[in-house]
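I've put the structures underneath this note.
Below are two complexes that have subunit A in common, paired first with subunit B and then with subunit C.
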Partner chain A sequence: MGAARYLSISRISFRSRTAYIMDVLAGSFFYALILFVFVQLWTTLAGSGHFAIEGLGARELVWYMVVTEGIMLGRARIEQETDEEVKTGSIAYLIGRPCHYVLFKFAVYWGDTLLRLIINVAVGSLVALIAVGPPRFDQAHLLQVVVSAVLAFSLNFFMVMCISLAAFWVEDTMPFRWIYSKLLFILGGLFAPMEVYPAAVARLARALPFSYMLYAPARLFVQYDTALFWRIVVAQVGWIAVMAGLTFGLYGLGVKRINVNGG
Partner chain B sequence: MARGKARAGRIGFGEAVSFVCAHFKFNLASAMEYRWSFASQIVLMAVNDFMLLFFWWLIFSRVPDIAGWTFRDVITMQSVVALAFGLNVSVFGNLHRIPQLIARGQLDYYLLLPKDPLLHMLVSRSDMSGFGDMAFGIAAFMMFTPVSWQRIILFLATGLAAATVYASFVTVAGSLAFLMGNAQTVGAQLAQAMVTFSGYPGSLFKGAVRALLYSAIPVGFFAYVPVELLRNFSWLLFAGLMAFAACSAIAARALFRAGLRRYESGNLMTVRA
Partner chain C sequence: MEIIAVCGLRKTFAVKQKRPGVAGSLEAIFSPTFKEIEAVRDVSLSVEEGETVAFIGPNGAGKSTTIKMLTGILYPTSGMATVLGIVPWRERQLLSREIGTVFGQRSQLWYDLPPRDTFDLLARIYDIPRNTCRARMSMLAEMFELDEIMSTPVRKLSLGQRMRCEIAASLLHGPRVLFLDEPTIGLDVVAKRRIRELIRTMNREEGVTVFLTSHDVSDMEELCRRVMIINHGQLILDTAVSTLKRDYLKFKIVRVRLSDPIGGFDMQGVTVLKHKRTNMKMSVDSEITSIDAVLGELMRHSRIEDITISDPPTEQVIAEIYLREDVGSIGGASDGSS
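Right, the complex of A and B next:
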């Protein structure tokens, strides 16, 4: 019964997003643009003869970016809305509903993300197919990649919620969101896989949650390895447990600070 | 009616500068009321920009150049672009909201006052994160590229020219709302394209794309020509950049004024306190 309620919320979120399909397609324009720029970059570097990473040529690097940027731009942007709900106090109306606020946001997030993801997969695949040809990917591993991507999106949700719920204590969470997006960019491996990084930076990135949102599913897509898959899934589930615990903890502390004055 | 108002809105350069400064001082004082927000936006935007250099450091630790562009060239480009972009969002904070203001009929307020409506609209808002961009641009240029008085002056001059090119392009893109009604998506995409292409070496783009980047989407004048000037100065190229910036500003203002003739006032009541 409980799960069905949240599934309904996701479905409504998905359908309401389809009403703004042009907005979603506009986001895909930027996705296609950035892929085009990186096609130029990776093919130029590969052609120079100086830039070689074992097993990863221009084709793999472009498909790697199809996955990382697909996740980065495909994730629903709930942070601004959550931040405003907390700052304006409108959260008081939402917590009165017969569902948990955090789980409600999780359901909305997935409904919105799903549509963006479907469109991004189509646009990204088209650009990469035209530019560098099909990926060297065994379809037998598709399920594992999808599992890793689902966990990556879920981990992102809890990270973003932690940042947004900080609005209970600070005036503006936007600067934290910038830093979060840049940490995803650097330690998440948005533009380049960890194989390009110096060993110390790659070790640091693997010890933190960011690489499990972007690098992990993309690496499995371009170079699948069963042992790596299990290591990644264990780390993703572990980080989700930590961040979910933190999110519920922050929410519990935050709602005690809500003061409702007037109507 | 609008034509008459447009003529009335013409002001001299000196008057325009003092008008912009007065508005900026007011916006700054207003933003400083929220000190944490003000300070964190600036500091963290600068940190955010420095983090962008990490990717290029990774690439250039493996290759000496990308089709002729070195790490120093990329830092120079990022510095000029950050200075120009930061200047625009902190002084012309409404720049990216032009389509929205037109579509919602919110230009009425500016049309009723005796100042240039475009300039007045642009300066009516400030985004303080622009200071962080400017701080990054100046710091990165001073820290990672050779410094001399001539280069600093050239950096500031090319930064101003780049800011003018960017503001003009975004104004023209936003003015499409006079023709299309809702041009928020198109305007945002064109601005996004300008910023995206300005983050990567110009030598990556060839043929038709390169031609596009020096014409319809003038990233070349926004990001690549300043780098070329700071690498190998030439009076001819410098004059070309300045002329392009001046012409684009004149064209943007003229197009906006032409668009005003098609503007339809809204019945939305707004209060500016």
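Right, the complex of A and C next:
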């Protein structure tokens, strides 16, 4: 019964997002543009003959970016909305219901993400197919890649919820959100895989959660390795457990000191 | 049966203080100072099953803070409250199945979707069986006249239509207590009247206990039999609406626009508050003279082009209460009328 309830929330969130289909399409146009620029970069570098990253050529790198940018631009932006709910007091309606606020937001996040993701997968695949052809991907590993991507999106949710719930204590979470997105850019491996990074930076990135949101599923997609898959899944589940614990803890503390504005 | 019991409820907020200018901003970061605001001070009250109670007070009096503690959204600083025997802030989710809430300045409806979608979602959230839900939705749609707007996106509804949907949505799971926080705020006269009628009907037909906050005295007059007045966080009066009307609401504010300017207006029971050529604002003591008599007297001098009759603002009613009572003795006063 509980799962059905949250599934209904995801469904209504998905339907609500369709009202902004033009915004989603405009976002996808931006996504296609970024991909086009990187197609030029990787194919030029590959053509120069001085370019090789552990078996990853121009085709792999373009498809790598299809996945990382697809996740980056596909994830629902719940952080600003949550921040506003806490600050304006509309959280009042949501916490006074027989469902948990964090799980409610999780369901909304997935409903919202799903539409963006479907469109991004379609647009990204089209651009990459035209530019570099199909990926060298064994369909037998599709499920593993999907599992890793689902865990990546879930990890992102708990990370942004931790930041958004800081609104219980600080006046504006915008600076934290900005830093988070830049850390995803750099340590998440948005534009290039960890193999390109200097060894020390790559080690740091692997020790932090950011690379498990972008690099991990993208790397599995372009160069699958079963041992790597299990290492990634264990790390993703571990980070989700840590961040989920932190999210529920912050919520539990925050809700006791809630100060509904205008109340 | 006692539905709501509140004893010595208190809520304080620590509000950050900031001096103007860059230096003030820096000081607020490195050495913040906080001022303690006492939003609710030692409030004690009791509401019986089936009552319709108005919780009236000016802006910032502590009405919404109280209702948010009673619905479990805010934790009190001290004191105790139970709603249907449940401590709201300890068992919020359990309580949510028994109460309905409407916050006039917030919305529970999905903005881009028709109200029907929110109703369907609420049915799922509250685990309402399909058949029960269908019957309940059909009843509410008929009572609140929602059939025509059920398929229109919420963003395209008028404020009055939206509020009808908000109240109906909060009644979908059949709550025993309905908490309404400023349900008529921003509505025009016709929409306000409609909302009041609907609340009255739900109270009468389903026995729903209604606890309503408002800064509009008319909400209380037209809807409730009992009124509690709160000011500066303190309950200053708890009495029957009829008593309040008799003792404190005998004045009406009358605004008229005349076709020709008149020199002055003198009549027993009438105090002219403002007079500028053809526009007059006066306070009429209905115990001494009737509105009819005042208008009749005015029409002897000039034709009336426009007229508005309203209740005195809450602030004036409160001032009147303070004048008539010993302030020290009315904090938390209650004559237990119901």
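Please note the rule applied: the second predicted complex is superposed on the first by the 258 of 263 C-alpha atoms of A that agree within 3 Å, B and C clash if a C-alpha of one lies under 4 Å from a C-alpha of the other, contacts with A are read in each partner's own complex, and residues count from 1 in each chain.
Here is the rule we use: contacts are C-beta pairs under 8 Å (C-beta built on N, C-alpha and C of every residue); 3 or more make two chains touch, one makes a residue touch a chain.
Everything numeric here is computed off the predicted structure, so don't read it as measured data.
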Query: A:90 contacts which: subunit B (first), subunit C (second), both, neither?
result: second
Message: I'd like to know which partner A:12 touches here: subunit B for first, subunit C for second, both or neither.
response: second
Message: Quick check on the superposed pair: does A:174 touch subunit B, subunit C, both, or neither? Answer first, second, both or neither.
response: first
Field: Touching partner for A:4 - first (subunit B), second (subunit C), both, neither
entry: second
- request: Identify the partner contact of A:200: answer first if only subunit B is touched, second if only subunit C is, both if each is, neither if none is.
  value: neither
- request: Figure out whether A:99 sits in contact with subunit B (first) or subunit C (second), or with both, or with neither.
  value: second
- prompt: Which of the two partners, first being subunit B and second being subunit C, lies in contact with A:40: first, second, both, or neither?
  reply: first
Field: Which superposed partner A:48 touches (first subunit B, second subunit C, both, neither)
entry: first
Query: How about subunit A: which of its residues touch subunit B in the complex?
result: 22-23, 26, 29-30, 33-34, 37, 40-41, 44-45, 48, 50-51, 170-172, 174-176, 178-179, 182-183, 185-186, 191-192, 196-198
Statement: Per the touch rule above, subunit A residues touching subunit C in the complex are 1, 4-5, 8-9, 12, 15-16, 19-20, 88-90, 92-93, 95-99, 256-260, 262-263
Query: Quick one: in the complex, what on subunit C touches subunit A?
result: 13, 64-65, 68, 71-75, 92-94, 96-97, 101, 103, 105-108, 110-113, 117-118, 120-121, 124-127, 153
Complex contacts: residues of subunit B adjacent to subunit A: 34, 36-37, 40-41, 43-45, 47-48, 51-52, 54-55, 58-59, 61-64, 66-67, 185, 188-189, 192-193, 196-197, 200, 204-205
